[in-house]
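Look at the two complexes coming up: chain A is in both, with chain B in one and chain C in the other.
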Partner chain A sequence: MKARLWLKIVAVLVGLFLTVPTLVVIPMSFSSSQTFQFPPSGWSLQWYENLFTSPAWSTAIRNSLQVALVTTVLATTLGTAAALGLNRLTPRVRGVATGFLLSPIIIPNILIALVIFSAFLRLSLNGTLIGIAIAHTALALPFVVIAVTARLQGMDAALQRAGSSLGAGPFSVFRKITLPLALPGVLSGAILAFVTSFDEVVLALFLQSPSTLTLPVQMFNSVTVQIDPTISAASSVMVLLVSVPILLAQVIGARRGKAGRQ
Partner chain B sequence: MTTGDGRIELVDLCKRYGSGPLVVDHVNIDIAPGEFLTLLGPSGSGKTTTLNMIAGFTDITSGAIRLGGSDVAPLPPHRRDFGMVFQNYALFPHMTVAQNVAFPLRERKVPKPEIARRVEETLRLVDLAGMGGRRPHELSGGQQQRVALARAVVFSPSVLLLDEPLSALDRKLRQSLQQEIKRLHQELKLTFVFVTHDQDEAMSLSDRIAVFNAGRVERIGTPAELYRDPGTRFVAGFLGESNLFTGRLRPGGVYEWAGHKWAVRDADGVPAERDLVVRPERLRLAAAPADVPEDANSVQAKVTGLYFQGTHLRAELDYGDGTTGCAVLPPDSVTGIAAGSGVTAYWRPEHQVLVTPPADPHPNEENA
Partner chain C sequence: MPASTQPVDAPPPAAAPAPQPGPRTAARRRRVAALLLLLPACVALFLFFVLPLLNIVVGSFTDPEPGLGNYVALFTDGYTLAVLGRTLLVALVVTLAGLLLGYPYAYMMTLAGPTTRAVMVTVVLVPFWTSMMARNFAWMVLIQDGGVLQKLFGLVGLDGVTLLGTTTGVALSMTQVLLPFMVLPLFSVMQQIDHRLLLAGQSLGASRLSAFRKVYLPLSLPGVVSGASLVFVLALGFYVTPALLGSPQHALIAQVISVRTRELLDFGGAGALGVLILIVTLIALAASRRLAGAGSAVAAHAVAAGGDR
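On to the complex of A and B.
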């Protein structure tokens, strides 16, 4: 019993260590004071008002959402296609190809940022939202590939054969059998892609221009220039927009996983 | 899409992966419309590869696959119009039973009311009426395989391919599904091509069995023919049990094994290199050599085990020289014999059969 008690205490401590820094920011965002303060001495929605009305912050939010949505569409489409392709390769080739596709996870972001920056100079994609979205797609792609591949590997290959033996052509098999069964993987891949893009800061910093500041870049800039408590409201919005989709993905994954396993 | 008359001809069918050996080696089988043909063999013998080539999942290396006279080898699987049943059922988990069975009809753009009618009719055929709304994972293994059967025949294909459909089921269920498959075959009058490694299954279901060994059809015939006259040692060993003696055929109709001389009928022109096979139920045991009938062939044996099995008595025999076998006897026929005792085993010459021993490793072209 004692061991259990210790285990509980350690678990709670670790949990707090992981979440408190994030959670502290939320009460701070409702503070009425003009500086960072914890615990807040009074309550106010002024920072939220500023976040959504000041041109700099609201543009940053809009930019971030645009980039994240484009990234989600690109990365999900390409990543799903890549996972389907990988699934058909012989194990040896698949290993190598998977390594290439997952490399953005391992390669330091700063390195990727430098290379993309110099490449985009020639393509004049620097300082454009689509440029940032393309760069984010490279970072988000591995997560989609991993999520969809996991799903495909759990799928009985005979299902596709059964489909074609029953008269379904390759496209029909994909649309009616492979895609519906891979959908939970595709959805969680899409959510991961969205989140990856939404809180990405290094590439967005490199590729920024005054009109293409994303929310994380705006936050970064705002701390370096001045102490603006609006950042705590921005952080809270960020936490919400990142954690809700992920929790949602886990719920979807758990439920679909049960139904699709048979 | 016409389905022809269900006649399948495999003509010099070969399969080779890369530059490896032939895994299917000049297979020639002519399957009659409505026939139940079983491809039987150990794993790696090429039977499944052959089925996959018929289904279109595996490209052929050379040869031809004809359905009702026309070559289907260039057609993709979804154009061949063969029903197929898989080992692990391969039901679509995201569809209900009815949707699974309706799938091939939807792909063929059958009008909706007719789909509903035929799905219901086919589910009734496999004894699953009223189960249409269930999901596959809510059904037992046997029920799932029946859904798979329904799905594979609902669009009236002329041929049904079955890839070890019973091997994932337990023994009892397997027997009831065997009967189910047999009944479906009789009712639907389709050509069935059935792959299995289970000899009992093959014997009880098939009109004819093609025994595969190392990529070739070693022998093809009705179960009774193959059992009575297996032709090769491999078939004798694979189909049923046997007492197998590797001796030599001498001129004048005498078979010689370990000092024994046995009479052989119709031995003219038969090569000397032959094994002699006696099936267990043809063997009789005598406690004393004097009890052996005069015109019977006999051999001394030691009884290593004696098992009463209700309908029959089974005796495990050791003939010495590393040769063992068994006899299946009527339960009350044995007196004065116990495990460990020496006996004389005997049989009538017409109940023995000569088979070809395995050939030496030889080039593939020989049998082409």
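On to the complex of A and C.
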């Protein structure tokens, strides 16, 4: 089947629509203007300097890193264990359990935010970093479960049986066979959990307090509360730090998957 | 029951009144292990998510006083109904626009060679994994007064088109932000359609257009349904874009939930709105499941998560 010219043109236009608008943050971040004027009238590095030196922004970066790390550890541990458990269930029970574990990606985030805000108010977890990390764990858990489950499903169960028939106990079968084979899934789950938390706005916004602003919340406030062009430098850094590794992982994963199937 | 999970030959229960202890205890141990592994995640999810959710649902009927007051107020306070209508309209427009843009793009993906296709997949995934705040901020810069888009409109003779702070601006940005969720389910269905069916239709005398309409379109419909329902549902509860690019005067439902929760601490009223979104979400996803097969929402996330399916 040959594609018609108009179809190619439409596809290119849609591709540009998907990618180009976001790129304006990069020239913006080198602007010398105090406003969000675009295209910039002059150039400077002041917003990068501000991003890394001003107490508000560097605290936000530190908070985000802390929350994302705790989320990654929690979600990866719980999610990997759950995926291993799911793999041992009968198909019917597995379906129900999977649906339950993946439910946070189906429920609108604003509803999760409302629910967690009211619960944390009672538990006095509002305005704490650990509270934000716990909330992010609920969001990140499904990604870990999906990544690890996909990996486990491609695994030959005979390997584990062979291990135990050769005299390995359940724990050493897990340590020497299951875990190494599942590791790529666990790692990509961990990366996704980190990114999910590092980029999350709505829950962090609901649970914020002046001392627990995460980077996305600081960015949100820098356009709603005050006008602070540092957000353009933060956006550029986020695009570089978040998108590039994920895309690399995608490309490598796709290539490896293709090689494996052929 | 255990025999179905254990391919190891277990003796049929009827034939062996006293089965060997080996396979049965192994199966039981396996089940206990499965439960122990699942327990922490399920308990955490239950404590921090399901229980509070139930609490909110109950609260929407009892807070501040028992009854349907919160729900009646949604339709009678003269404000919420307009918000609901506006939100539904935006969600529909975003879904339709997404379909118009996403369908040809996904179709082109199935026709492209391996390299072009890899590039096209990457292009869809870029926004998926680009910082939400960065993308919304970029739109804010583009649609602000005196911004690029306003100048472009000026070039074609439409002077002074205001986008920032309007529902149109919000819908435009949301279309782009949610487009990957449309393309991915579409592509995963279209990928499985055999293009020779189109050629067969044409060789049997159908025109290109009617072969497409009568053969390809019906076959791609499950992808349309799952992509459209996913985008619709996401648009319904979307907060960041309307909060940044819209205005309180043209609020969408998520903004109202936010104000009622964080500023008014009116959990009953916010809960009623939340329950409403939840019900619409569940209906849309159930309909999509029935029409298009299981788990479209999960499938799109799985593609994005690199879960290979």
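Everything that follows uses one rule, which is that the second predicted complex is superposed on the first by the 242 of 262 C-alpha atoms of A that agree within 3 Å, B and C clash if a C-alpha of one lies under 4 Å from a C-alpha of the other, contacts with A are read in each partner's own complex, and residues count from 1 in each chain.
Everything below uses one rule, namely that a contact is a pair of C-beta atoms (placed from the backbone, for glycine too) under 8 Å apart; a residue touches a chain by one contact, two chains touch by 3 or more.
All values reported here derive from a predicted model rather than from experimental measurement.
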item	value
Touching partner for A:161 - first (chain B), second (chain C), both, neither	both
First, second, both or neither for A:29, with chain B first and chain C second	neither
First (chain B), second (chain C), both or neither touched by A:177	first
Comparing the two partners chain B and chain C, which touches a greater set of residues in chain A	C
Touching partner for A:212 - first (chain B), second (chain C), both, neither	neither
First, second, both or neither for A:63, with chain B first and chain C second	neither
Partner chain in contact with A:76 - chain B first, chain C second, else both or neither	neither
Intersection of the chain A residues that touch chain B with those that touch chain C	161, 170
Residues on chain A engaged by chain B in the complex (per definition of touch)	156, 158-159, 161-170, 172-173, 176-177, 180-181, 259-262
Residue numbers on chain A that touch chain C, as the complex places them	1-3, 7-8, 10-11, 14-15, 17-19, 21-25, 28, 36-39, 77-79, 81-82, 84-90, 97, 100-119, 134-135, 137-138, 141-143, 145-147, 149-150, 154, 157, 161, 170, 188-189, 192, 195, 199, 201-202, 205-206, 216, 219-220, 223-224, 231-232, 234-236, 238-239, 242-243, 246-247, 249-251, 253-254, 257
Chain C residues touching chain A - in the complex, by the definition given at the top	1, 4-5, 7-8, 29-31, 33-42, 44-45, 48-49, 51-53, 55-56, 59, 101-102, 104-105, 107-109, 111-112, 118, 120-127, 129-135, 137-142, 144, 146-148, 176, 179-180, 195, 198-199, 233-234, 236-240, 243-244, 253-254, 257-258, 261-262, 267, 270-271, 274, 277-278, 281, 285, 297-298, 301-302, 305-309
Partner chain A, residues of chain B touching it in the complex	55-57, 76-78, 80-84, 86-88, 90-94, 103-104, 107-108, 135-137, 151-152, 155, 161
